[in-house]
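Before anything else, here's the structure in question.
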Amino acid sequence: MQPDALRSLLNAVARGETNADEALEALSTLPFSDIGDAKIDHHRALRCGLAEVVLCEGKSPSQVRSIARELLEHGDVFLGTRASAAHFQKVAQVASDARYLEECRLLLVDRREVQPALGHVVVASGGTADHPIAEEAAICTEVMGNRVTRVYDVGISGVHRLLAHEDVLRDANAIIAVAGMEGALPSLITGLVPSPVIAVPTSIGYGANLGGIAALLTMLNSCASGMAVVNIDNGFGAAALASRINQMVARSE
Amino acid sequence: MQPDALRSLLNAVARGETNADEALEALSTLPFSDIGDAKIDHHRALRCGLAEVVLCEGKSPSQVRSIARELLEHGDVFLGTRASAAHFQKVAQVASDARYLEECRLLLVDRREVQPALGHVVVASGGTADHPIAEEAAICTEVMGNRVTRVYDVGISGVHRLLAHEDVLRDANAIIAVAGMEGALPSLITGLVPSPVIAVPTSIGYGANLGGIAALLTMLNSCASGMAVVNIDNGFGAAALASRINQMVARSE
Amino acid sequence: MQPDALRSLLNAVARGETNADEALEALSTLPFSDIGDAKIDHHRALRCGLAEVVLCEGKSPSQVRSIARELLEHGDVFLGTRASAAHFQKVAQVASDARYLEECRLLLVDRREVQPALGHVVVASGGTADHPIAEEAAICTEVMGNRVTRVYDVGISGVHRLLAHEDVLRDANAIIAVAGMEGALPSLITGLVPSPVIAVPTSIGYGANLGGIAALLTMLNSCASGMAVVNIDNGFGAAALASRINQMVARSE
Amino acid sequence: MQPDALRSLLNAVARGETNADEALEALSTLPFSDIGDAKIDHHRALRCGLAEVVLCEGKSPSQVRSIARELLEHGDVFLGTRASAAHFQKVAQVASDARYLEECRLLLVDRREVQPALGHVVVASGGTADHPIAEEAAICTEVMGNRVTRVYDVGISGVHRLLAHEDVLRDANAIIAVAGMEGALPSLITGLVPSPVIAVPTSIGYGANLGGIAALLTMLNSCASGMAVVNIDNGFGAAALASRINQMVARSE
Amino acid sequence: MQPDALRSLLNAVARGETNADEALEALSTLPFSDIGDAKIDHHRALRCGLAEVVLCEGKSPSQVRSIARELLEHGDVFLGTRASAAHFQKVAQVASDARYLEECRLLLVDRREVQPALGHVVVASGGTADHPIAEEAAICTEVMGNRVTRVYDVGISGVHRLLAHEDVLRDANAIIAVAGMEGALPSLITGLVPSPVIAVPTSIGYGANLGGIAALLTMLNSCASGMAVVNIDNGFGAAALASRINQMVARSE
Amino acid sequence: MQPDALRSLLNAVARGETNADEALEALSTLPFSDIGDAKIDHHRALRCGLAEVVLCEGKSPSQVRSIARELLEHGDVFLGTRASAAHFQKVAQVASDARYLEECRLLLVDRREVQPALGHVVVASGGTADHPIAEEAAICTEVMGNRVTRVYDVGISGVHRLLAHEDVLRDANAIIAVAGMEGALPSLITGLVPSPVIAVPTSIGYGANLGGIAALLTMLNSCASGMAVVNIDNGFGAAALASRINQMVARSE
Amino acid sequence: MQPDALRSLLNAVARGETNADEALEALSTLPFSDIGDAKIDHHRALRCGLAEVVLCEGKSPSQVRSIARELLEHGDVFLGTRASAAHFQKVAQVASDARYLEECRLLLVDRREVQPALGHVVVASGGTADHPIAEEAAICTEVMGNRVTRVYDVGISGVHRLLAHEDVLRDANAIIAVAGMEGALPSLITGLVPSPVIAVPTSIGYGANLGGIAALLTMLNSCASGMAVVNIDNGFGAAALASRINQMVARSE
Amino acid sequence: MQPDALRSLLNAVARGETNADEALEALSTLPFSDIGDAKIDHHRALRCGLAEVVLCEGKSPSQVRSIARELLEHGDVFLGTRASAAHFQKVAQVASDARYLEECRLLLVDRREVQPALGHVVVASGGTADHPIAEEAAICTEVMGNRVTRVYDVGISGVHRLLAHEDVLRDANAIIAVAGMEGALPSLITGLVPSPVIAVPTSIGYGANLGGIAALLTMLNSCASGMAVVNIDNGFGAAALASRINQMVARSE
């Protein structure tokens, strides 16, 4: 884990090939960031199971194509979130094996051999309209190397449906609970089982829903302890956290 | 249902005691409002079981004392909501039988003989901290002549506790569901039983609770259909609506 | 009302065909939810007059088609709210008798014989632009088996027009009051008559209207007691509550 | 690009065709600057009937005392709004004839001879709790030299009470309508009579009232045309505008 | 001013042609509103100079065409605000002399003879982008029979430009001040001249402008007294109030 | 794990002491919730290391005393959050060994023998003013049986200070990152190390801080993936989630 | 109260001691009005390096064309911000050398000879999606005559990348820091170097981003002192302030 | 500027007293932050003229006393902002020469010899109630070694008063403009003179002022380019930025 460049420099000093002043200048011009960046990138690959995830929304299709080309030169996975069909068309020009999952707006190139899916993450959702975000969460979690079980359409209006899945929920190392409208599903699950729960509010609803703010506030104010919240419609963010938790548990086993 | 004053006037015209011009002038100076006001007051007594309810907050203790004195001269009930101890002290000067229910901030003078409690209204609450508002709702509903059952501390974190009261909830002509924090209780109840549900968000909570706005939004965005919402901490408002519904059903029986 | 499956199991225990441990295991694998779900569905049909109402917005046309097909296999009514023309086209593929009420965005398949319309619900609206939501409320209420009277265009700027309908308002078991802009109509009605009032804010307006939040706040802060509020533009929600109230009264008569 | 008029004037002075005093007068009808400041002060006195009104809130008692002393040296009226008892005590040190109107938080020194009260301004209010702001408006309007009629407690829940005052409302050159809670009173009045209406939302209410924002939004979104709104609880601001209108009409007569 | 229908009825009673009971029934079926509506309509015409103004936004083109046809049968002016081209095309089918002022979205049919323009209203605006709303205000004011002077592009960044128009501002019976962005123009004008000022915030701007809320708040919090505010982009509302003020002054002269 | 009461009943059926109908009735009156509640309580103890945590804020001191007495009869830990000195005084009446941690408002009775502290949770904070919430998180985490390292005062303005603690952060099974003001600390940490991060916004700040909403929004919008957010000032909530994660990892080892 | 200086000047003219031209010059150093307008325009050119910048958004293409034509008659630069392609097409009709920078929505006509770029302004950005606003800032700063260095994609998730540019940041007379999402970049930079920092929040993000409000609040609540904020997406505004600072420093050197 | 510790280590390597592996370990245990921290602290002193400024609000008096003691051991200035009297009393225990500026809530210990005040910063304010924040800004700017001119009470309602100070404003290297209510003062100043303007919104006002949000939004939406905004009531923040700008200009001269 010791940076070789630094070791080489120190050895040069020890051998008298470089004096202290030259070494000092070299150290000061050797940016911290280069060392750091490499270290961080390495960490990213270690913890996420893939080199880089790109938020496509807000970037032009050409920009995403450039980023994808660069990432695929040095790696074998590219995952774009909140991608449009236009993003897909540009990326397909440089990666003919790119797939576009339209419903959940994911853009995926995966050239790895089949990976073992570790541990267990459950993705639960409240209703049919929450599927795109739930799928974004589920697929991202899978791409990161985790085993995923989907428990969909178990919203608060059918509380007995949820109770029927208590066992699978209890087995998870992490639960992602996706809900729009009043967003009470994560509270219910957190009250039922001991697994850590990641709540994802969706922008599903209308009127005083305020684009998902209502569900977000519900989740933040939950009286059930043991859950936390990510941004509205942020299925990927929930996947990243669930993966961090699940990988840690799976590797401890 | 015909207003007597108007009939008298028309009879006078018919008898020639008053000519058309005089009648016209009388009609135009006879303000609509006087007829209306009386009619409306009469309705108020009919539907609420008491002449007038006074929101004390925002009024000075002296103002509340004056209003109480006036109402008790013509009636035998005075109900003040959101009252302070200072309001009580002033009202006690003109009504030694006034009672102050400190927890729920009600100020009550009730000189009626024992009334039959009609129908059935359930008041449910999520947690201990919601009691003051739940009690405001329950007592106001009782004062308006309705039979009340309290189902307290059945919040979402203990969903099985709520299920245990399904029968009493199902028996109600109207259910008042009081909840703070994430405010999911009314949704759960509405999904369980066919009675109309009146949701009362409370200002209980902190942080992103926003003084009850979080619970209010949860309730407005409920995916359970068959409920409606009153203002934050408005136990009295819920009681008034529950009483309107319950009295109508009880009288139809 | 006793669940037969449970009785059979207990009889088997009594007959010695099943011992306590086997029964215990059977009970624990017999999910509560299956019993519960059926019971709840049965309740839904009983109280609403139809099996299921589907919020189409946020679901894909294909998803709605699947849901409609499934519901119509087991029932004879399908009601979709906030539906688009695209939703209608897909549903028409599996239900050639589907109707699309474009103005109020309802998608209806109704294969029941003519039903008696029970009780009396009034739907009042403030202005022409509120018609779509008022119609959503009125038609949903009718589909649920209630008699409906429409009192439209009686907004606050023409207060005398409203007064002319006092009798019909007074006759209702429940009043749905739909209003945008400043949203004062429900307050006026609640002050006039003893019926329970369900206020529906609409998103009609501009500027500081904030997409209906202004009307919503007006209604929540009403000083007229005896009304409650549903979400902005939620005509269906108001219908569901009005139906709960009206059916209860009509059946008590 | 040099202003010709100014050059011509200066040349006329140089040629002796105009003397300095005449030029000075000509210049004073030419706008702005030091001259302008004086002119504006003069206007303030003319249009308001008093030299200066001071918002006390946010200023220390000593600061208000200093301002009061200075104003009373050059004038014979001092009016402080939103004043506390502490402000009053300090001002009383330099003006023993200062009066403190506690309910509406006005601090008044008026050493003028009795003034004629011109024109007609009506101040209407919704409920008892709105009195402090209504009185702030009424007294400020009177101090500015206008005749005021108070029409209090005519809120929307007693719409017939308001109708009874239609004549006095119709007679006004300007109407100040003060209301809290849902704030619908100004809309009602604007729909009834042709006078210009100034709506004052008050912070009276609770819960989703948001400190008066609810009433403010109601008023801004009114569908009754011919009214405008001032800040929450800004009785003085309404008085200033009503006075501008009323004085203009009264002087045209 | 006495309603003829009522007089006829009373005369019939007096002549014995109708007895009291029949008259009472006639009166009770003769809705107050018809009398009232007529009276109110009459007032509208008197005070506004035209029978009815219609907010087109939110209404379908067909609905607007129906309303226009009805109004033009009984009157000779139709004014539609916030109209689209689609509204115009439908109205043109029933009124070939309809004009569509696209920039300010007004739809006008005016069959009156040339009217005298009374009094004096100034419409001031801050910048080029505020023109559509300023023109909505100016043209509506003119259609209501008032003389209008436009003082455009005098925003706060060019304060000297505004000062140059002090005389015309001072001459007005009412000033409409239209501004977006930070919305400080009305404050500046109110500080300069004694006329009543009606502030119109526009939705011009971006980012933290919040669709005009920023300008609205600026205006509500103005420290210049003597102005009031209408809804964002509500040029018509400002015109209606300015007309009420100006007509009152003009008729007092 | 089988509920004894249920087994007894079934055995009685098997032995013929109870027939199927009697058992059915017993089962139907034996509320689901009792079974469920016991199960859930059992889970709570298993997963949290303590029976029950009570939010004191919003409850009266007497209510908290009653709850504490009841919990301590059946267990040996009582933890109250957001407690006031008044709460402490009442609880001390029934538990003389109660401790009040004033800075972080915790009220603790812990009668357990010394417990092993499992795993590793880091609590990081941005500044001195965030200490109370950080301590609430740290102490609650410890009471739940987890080993805690505190890394305080490593806010964004001293980014190098944070980098110095990279190793301890990297060692944690879960990191609680507490920050007020702009709340950027959790993002920085999430970008540095692979552990799951729970962000706690605090209400520290002023002005546009909006009582912590600013920090909350920062955290929800973080571009660093692998973190989630709890309510403002909710140190306990973060502890509960961190404990769920850490216990799961520690037990897998 | 008459200004003595003015009287003295006029008397000097009258006495022939000063001629009209001298007086006119003296008056022109005396502030304001028509003279002032000219002076201010002159200042604008001096400080910005160009006569006028036009916000195109909200103006029609024809209006922008007219303004461009007028400005280019008297000057040799026209810079339009937030311009659409439609604006460009109209302006190209009167200026065939107009350029449209689509990504950052700038519309530029620059007929000046090559200018020296003074001083040093750094424009830093957080991510690829912030480029359009960063480029708007950078190009506007350059057009105003300042030397610009771009430091892009140095967002908070790669803090070491930022540290590598410490020297160039430290060299700047002003730094414009552009960031969306959680918007923490400006805080980091302000904590690193002593230059004044101008923070530009962008509307990049989704969910609780609220169109950039989240980033704006982050920046306003920064605990790093020495920075200030402009409106969301206001690259031009940041450029104008950076230019004011940089030109002042560059000219002092 | 080279860190001595690092040089010593490298020299030891060069002299063979330390080999590369030992040096590497020493470097890895020698936290970056220590180097960085020192460097940053050095920068702070260089750029601000004082070692550290402490936000007292949110910290306990004892915590502030500890921080003050520590800072005064190594330096000769301590500046606390938003301090209470309680903070002062504790700090006075360890620094008897501490001064408390109550109005602007500053806590100052300054043991430096008289410093030259460099450059020129103007602090302008709108009204008397803005004085505390204006003084916080002015005194902090002075403590940081800058020459300050105060231009107070030049709010928008007295625009001519502001124009009279154009010269002093034009002379400043930076202008801090403090304003509450509608907050238009900074826009006016930015439009008048070429200096960079730092706008400070204050929480002065009431009603729809929203605790200063109204003024903040006004400033963010200013159409005058060349200004930026700090947090509400953040006089110190404005001072820090003004000092950065002014020191840079002053040192370039």
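Letters A, B, C, D, E, F, G and H mark the chains in the order given here, with residues in each chain numbered from 1 onward.
Keep this in mind: contacts are C-beta pairs under 8 Å (C-beta built on N, C-alpha and C of every residue); 3 or more make two chains touch, one makes a residue touch a chain.
Bear in mind the structure is a predicted one, so any value in this text is a computation, not a measurement.
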Any chain in contact with subunit B as well as subunit G: A, D, E, F
Touching subunit B and also subunit C, the following chains: A, D, E, F
Least step count from subunit D to subunit H, where 1 means the two chains touch: 1
Most widely separated chain from subunit H, with each centre as the mean of CA atoms: C
Pair sharing more residue contacts (C-beta pairs) when E-G is set against D-E: D-E
Residue-number overlap at the subunit C/subunit F interface, same or different (half cut): same
Identified repeat of the B-C interface (over half of residue pairs identical), from D-H, A-G or D-E: D-E
Subunit B and subunit E: spacing of chain centres that average the CA atoms, whole Å: 40
Chain centre separation (subunit F, subunit G; CA means) in Å: 50
Centroid spacing, where centroids are CA-atom means, of subunit C and subunit H in whole angstrom: 59
Whole-Å gap separating subunit G and subunit H, where each centre is the average of the chain's CA atoms: 24
Multi-chain contact sites of subunit A, meaning residues that touch two or more partners: 32, 40, 55, 158-159, 191-192, 205, 207-209, 213, 216, 220-221, 223, 231-232
Pairs of chains found to touch, sorted by chain label: A-B, A-C, A-F, A-G, A-H, B-C, B-D, B-E, B-F, C-D, C-E, C-F, D-E, D-G, D-H, E-G, E-H, F-G, F-H, G-H
Subunit B residues touching subunit A - in the complex, by the definition given at the top: 126-127, 155-159, 181-184, 187-188, 191-192, 205, 207-210, 213-215, 217-224
Sites on subunit C touched by subunit B in the complex: 40, 43, 46-47, 53, 55, 173, 191-199, 216, 220-221, 223, 225-232, 236-238, 240-241, 243-245, 248-250, 252-253
Interface residues, subunit B side, partner subunit E - complex: 2, 6-7, 10-11, 13-14, 16, 19-21, 23-24, 27-28, 32
Complex interface listing, subunit D residues touching subunit B: 103, 128-129, 158-164, 180, 204-209
Residue numbers on subunit H that touch subunit F, as the complex places them: 31-37, 40, 55, 57-60, 63, 67, 82, 201, 203, 211-213, 216, 231-234
